[in-house]
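I've put the structures underneath this note.
Shared between the two complexes below is subunit A, which pairs with subunit B and subunit C, respectively.
What follows is the complex of A and B.
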C-alpha cells in the first residue's frame, strides 16, 4: 500500500473526506506548501511510517485510505509543536485529532491497533470509576493485546514510587461522570456531536 | 624637464599592508623629472583629491602619477581632479599597485620593490603623454526599434513621447507580438488584448513613429549617433495607401484552409489575411506561398473584389535606408518545440512525450489561444483531437527548461506563473474539471506573484504534484501521464484528456544573424548580452544599441515593459546632448607613411578604418591612405599592432610611450 502506484482522478481523490477533516479540525489542508517544518520538530517522527507533512500531502490528494491505514496518526502525541511552528497556520494537531476520530468512526484498518485498544480501555475506566485506575488499565490491556508480560518489570518500580496504586479509589461523584457520558451519547444521537 | 607629481595611496590598509608606501614615495621623489612625491591614506577621498590639486598649483606640476588601484576603478576620478586643477586630464595616469601588486603578493620587501618599478614605468610614460582633447560626434536624433511586441511598442512610445522620431520595424504583418496572443495576464488576470490594443493604436497614430510592418533589417552600418539602417519592406501585395481595411478580399478569398500561425494552427485563415481582427495596421497581406494566383497564375479574386484597387500582385520588396542615432533591440522569444530536431540543432526533442505526435498534448501558448475570447474557439476550452471539453487536464512545467540534456540549463522564468494562471482560467471555464500540475519548484518572485500561485491551489483547487513526468502515451482517447509525487514517494498515474506543456522560452531563430548585422554579442543560447549584468542591464557592449524584453533572456510582461522604458530612457539621455563626447583614445594614421596596404581595415573589429583619397588642389587623385573614423574607433590598438609600416598609432598608447615604460624597467 505504502509504495503502490497512485491513480489520480476526480473519482480516486476523495474530496468529501478532506472537507470533513477540514470541518472537524477547523484548519485548511490546501494551505500546506510542504515545507516540512512539522516533521522537522515532531518528537514522534521516527516512529511514524508517514511523517506529519506527508499525512497532509496525502490528504491534499484525497488519499484517505493511505492516511487511515497507517499507524502514524496514532503515534501523534498531540504535543502541538507542529501547529505552533507551522508558517501557514495549518493546525496539524487538530487535523491529527480529526483523523483519529475518522479512523475510529470508520472502523478503519487501525481499529484493531493497540493504541485504539488502550484508548477504549482508558475511556471505559473513566466511565466506571470516574477517574483512571492504572493497574486495571495495564492488566486488561496486556490480557486483551495478548502481551501478558509486557512492561511487567516496571510495575514494582512504579508502585514503590506511588505512581501505581494496587486498589482503585472511586471518584466521589461518579454519578456526575455518568451523566456527562450520557449527555454525549444523547448529543450523538441528535447529531449535535460527532 | 618635466615636473611630475607622484601620489602614493595607502588604500586604507589594502596597499600599505604589503607595500611600504613611504619608501615608494621616497624612491619616486628621487626619479628624474619628479618634482613632488607624497603618500596619503585615501587618495580618492575629498581631502586626498584636494592634496593633489594643491600640489599641482604649489609645485607647478605638468604631469601626475597616482599610485593606487586599477585605472578601471579611479582613473576618471583623478583625471577629473587634474582637470579641475587646470591640467589636461590625459597627463594624469594611474600606477596600479593594488590589483597588480599588494593584493597578489605577500613578501613586503619584494612587493615594495615591484611597486617602485611600476611607479617608475608610469613616470616615464607620463613624460611622453600628449595633451588630448575629447572627440565630439554629431548625433542623429532619431531611433530605430526592432520588434513590435510589447517591448518594442513601449520603447517606441516612450521615445516618441519625448519628442524624438522613432522607426519601428516589425517582421510580422501586424505589431502586437506574443502579448497579443495571450488570453489573460498574471497576476491580475486582466485581458491581454484590452490592455495591449490601445497601445498598438497609439503606435499607429503617433506622429513621431514611422511604422514598418512585414519588414526586416537588411543591413546596419555606422556607429553610435550615426547609424545607417537598411530596412527591407517585404512585398505585401496590397497597397497600404489605397487599402481601406474593408475586409472584402479576405472574405472572398477561395483559399481558406491555411493554418493560422497566430492561433497556433488551431484555426484557419485565407491566403490574403490579417493575422487577427485587432491587427495594426489593419491592412491584409497576401501569403504568396499559399496563394492560388501566385502558384498557378489563375484566380485573382481579391484584386477583382477590391474596391479601391489596392491589391497589387506586381509589388516588389523595397529597401529603405533610415539614418538613426540609437537602436533598441526588442525581438522577443519563441517556444521550445518538443518534436524531433533536425541535425545540428542543440535542442533535443522529447521522445518520451511522443515528439509532439499526440494530438492532445499542446504547449502553453496554444492553451492561451484556446482560453482567449478572441481565439479560434471563442474562449471555449476544447481539446484539439475531437473538440470535446477536457475534464482532466495535466500541466507539466519545466519542459525543455532546466534540462541540460535537452539543451537548455536555464529557468524560463514565466512558466510557473502562467501555468498557475492556466489552472485558474480552466477552473473558471470548466467547473467540474480538475487541473493537475507536475512541477519541480514553483518560482514566483514578483509583486503579488506567490499569492497568485497559492490562490490557484487554495481557492481554485488545482492539484500541484511535486515531481516530473516520465512519459506520456495515448490510451484510447486519453493521454496517460506517468509521473511521481516525490513528497509522498510514490508513482502517480493520471489519465488525462488534455496535457499542456510549459515549454522553454528560447531565443528567436535567426537572433544570431541579426546580432551579427548589429555587431552586438550574444550568449550560447543566442540571447543578446547586456554590457553588465547588474549595472548596465539594458545597454549592449556596442555603444548606442540597447536591449528590451525577452531577446535578452526570458522575461515576463512587467519586467519587459520596465526594461523597454529603461532602454527608452537611455536613448533619451543620449539624445539630450547636442553632441556626443568620447574619450580621445583612438587610432590616428600618419598619412605620410601609410602604404595603403589596408591590413588595418581587415583587422579592425569596429569597422572604423576607411579608405581616404588625397587629392591635389585641382582634384587629381594623388594617393589613397587609411583613415580611422574617430567616432567608430574603439581604441583597441589592433591596427597599431598590425601595421607593417608603423604608420598608425593609438593616442594615449603610442609606441613611444610603451617603449619608454619598458626601458624604465
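What follows is the complex of A and C.
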C-alpha cells in the first residue's frame, strides 16, 4: 500500500475523517505546511514506513486508510518531541493518539499486533487489579505472543534484585476501577462519549 | 495548630513501578525525604495512572484514571509529590486538559461518578527539591559532597515535554537536574542525548527499539566522559540499566555505566545510610564507581 499509486479527486478527499481526528485530538490537521521538523526530531522515524510529516500530509489528502493500515502509528513512542517543536502548533502526538483510537475501535487492519497486544494486556491489568504488575504483564505477553523464551534470562535476575514481585494482590478499591470502565463503556453505547 | 511555614509535607503518588522494578527509587525517595525532614504520606489505594498504553488508545479512560487518583489524593494533606516521570506527565496532562475542556471534564465526572478535583498541585520530586525546599537549603544538608563524580543528567521525554504541561523547566534546554545534583557537589557533563527517547514502553512489545535508542544514549554519555547517568523515570532506568548488558551484546560496545535514580545520589550525598539507598537493586553495579570516588 505504501507504494500504491495515489489517485486524488474530490471524492477521495475525506474531510469527515480529518474533522473526526481534529475533534478527538483537539489539534488542527489542516494547519500543517510540511516543514518536516516533526520527522527531523522523531526518534522512531527509522521504524516507520510513513514519517510523521507524511502521516499528516496523507490525512490532508484523505488517504487515511494508508495511515491506519500501516505500522507507523503504533511505532510512535509518545515522546512529544514533534508537538514541542511544531511551528504551527499542530499537536502531532495527540493526532497519533486519535489515529490509534480510530484504528483500535475499528479493530482495523494494522500490521502492528505486538504493540496492540501489550496495550490490551496493560489496560486489562488495570481493570483486574487496579495497578500494574510488571511480572504478570511480561509473562502473559510472552505466552500470548508465542515468545515463550523472550527475556528468559532477565527474570531470575530481576527477582533476586527485588525488582519483580512474585505475588500481588488486588487493590481494595478495584470495584471502583471496574465501575469506571463500565461507565465509560455505557457512555459510548449511548453515544455520550467518543 | 498550623505547621511552621518551613516544614514541608506532601501526599505521595509512587506509581506502579516504584512498588516493583523501581523499588530502589521508592526506598531512596523515602530515605532522602526523611533525612531532609520533608513529610511524605502515600495516597491510600492509589490506582494506576494508565501510563502510555491508556492514552495511546483511550483518552477518556486515561483522564478518568488520573481524575480518580486526584479524588483519592484529596484525602491526604499536602501537594501531590510524584516520582515517576510518566505518572507525573499523565497527572499533569489530565489537570491541563480538564481545566481547559468542559466537555471532557463532564465526561470524566460521569465516568468516575463524582466531581473532578483539580485544586491540588502535582509536583515532581525535582520541583520539590529545587523550588519548594530550595537549592541553598539542600547544599547545607550535604554531608558527603559528590566531588569528582561526573554525572550525565538524563531527562528523557516526559519531564519537560510538551512545553505547556509539566511546567518544570525549559522544554529544549532544561537545567533543573544539573542544578539539583550540582548542589550536592557533583560535576555534570554536557552531552547530546539528554532529552532523547530511550524507547520507553517498547521494552515489552518491541525490545529492538530500546536496544537501538538506549544504545545511542549510553554511547553519548560515555563519549562525554560521564561516570554514570542520573534519571528520574523508572522506564528510562529499566531501559538503560536492566537492558544495558543486552545493549552491550547487540552493539559490541562495553559501557559498564551505572544508572542512578536522582534520589539515590542525593540521599547518598545527604548522609542517608548506604543500606537505605537501594543500591543493591541496580543491575549495573555502582559499587566499584562509588568506592573509587571515596563515596562509600
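Note that in this section the second predicted complex is superposed on the first by the 188 of 194 C-alpha atoms of A that agree within 3 Å, B and C clash if a C-alpha of one lies under 4 Å from a C-alpha of the other, contacts with A are read in each partner's own complex, and residues count from 1 in each chain.
Note that a residue touches a chain if its C-beta (ideal position, glycine included) is under 8 Å from a C-beta of that chain, and two chains touch if they have at least 3 such contacts.
Just so it is clear, the structure is predicted and the values come from calculations on it, not from any experiment.
With both structures placed on the common chain, the touch criterion links A:6 to subunit B but leaves subunit C unconnected. Residue contacts after overlaying the shared chain place A:60 against subunit B, while subunit C stays out of touching range. Put simply, more of the residues of subunit A are touched by C, taking subunit B and subunit C as the two choices. Residue contacts after overlaying the shared chain place A:30 against subunit B, while subunit C stays out of touching range. Comparing the two complexes, no residue of subunit A contacts subunit B in one case and subunit C in the other.
Within the complex formed with subunit A, the residues of subunit C that make contact are 16-17, 19-23, 45-48, 50-61, 64-65, 68, 72, 101, 107, 110-113, 157-158, 161-163, 171-172, 196-197, 199-202, 204-207, 209, 212-213, 242, 280-283. Touching subunit C in their complex are the following residues of subunit A: 24, 26, 43-44, 46-47, 75, 77-81, 83-84, 91, 93, 97, 100-101, 104, 114-115, 117-119, 122-123, 125-126, 130-135, 137-138, 141, 150-151, 154, 157-158, 161-165, 171-173, 176-177, 179-181, 183-184, 187, 192-194. Chain contact summary for the complex, subunit A toward subunit B: residues 2-10, 13, 28, 30-31, 33-34, 53-54, 57-58, 60-61, 63. Partner subunit A is touched in their complex by these residues of subunit B: 391-392, 432, 434, 436, 454, 457-458, 461, 463, 465-466, 485, 487-495.
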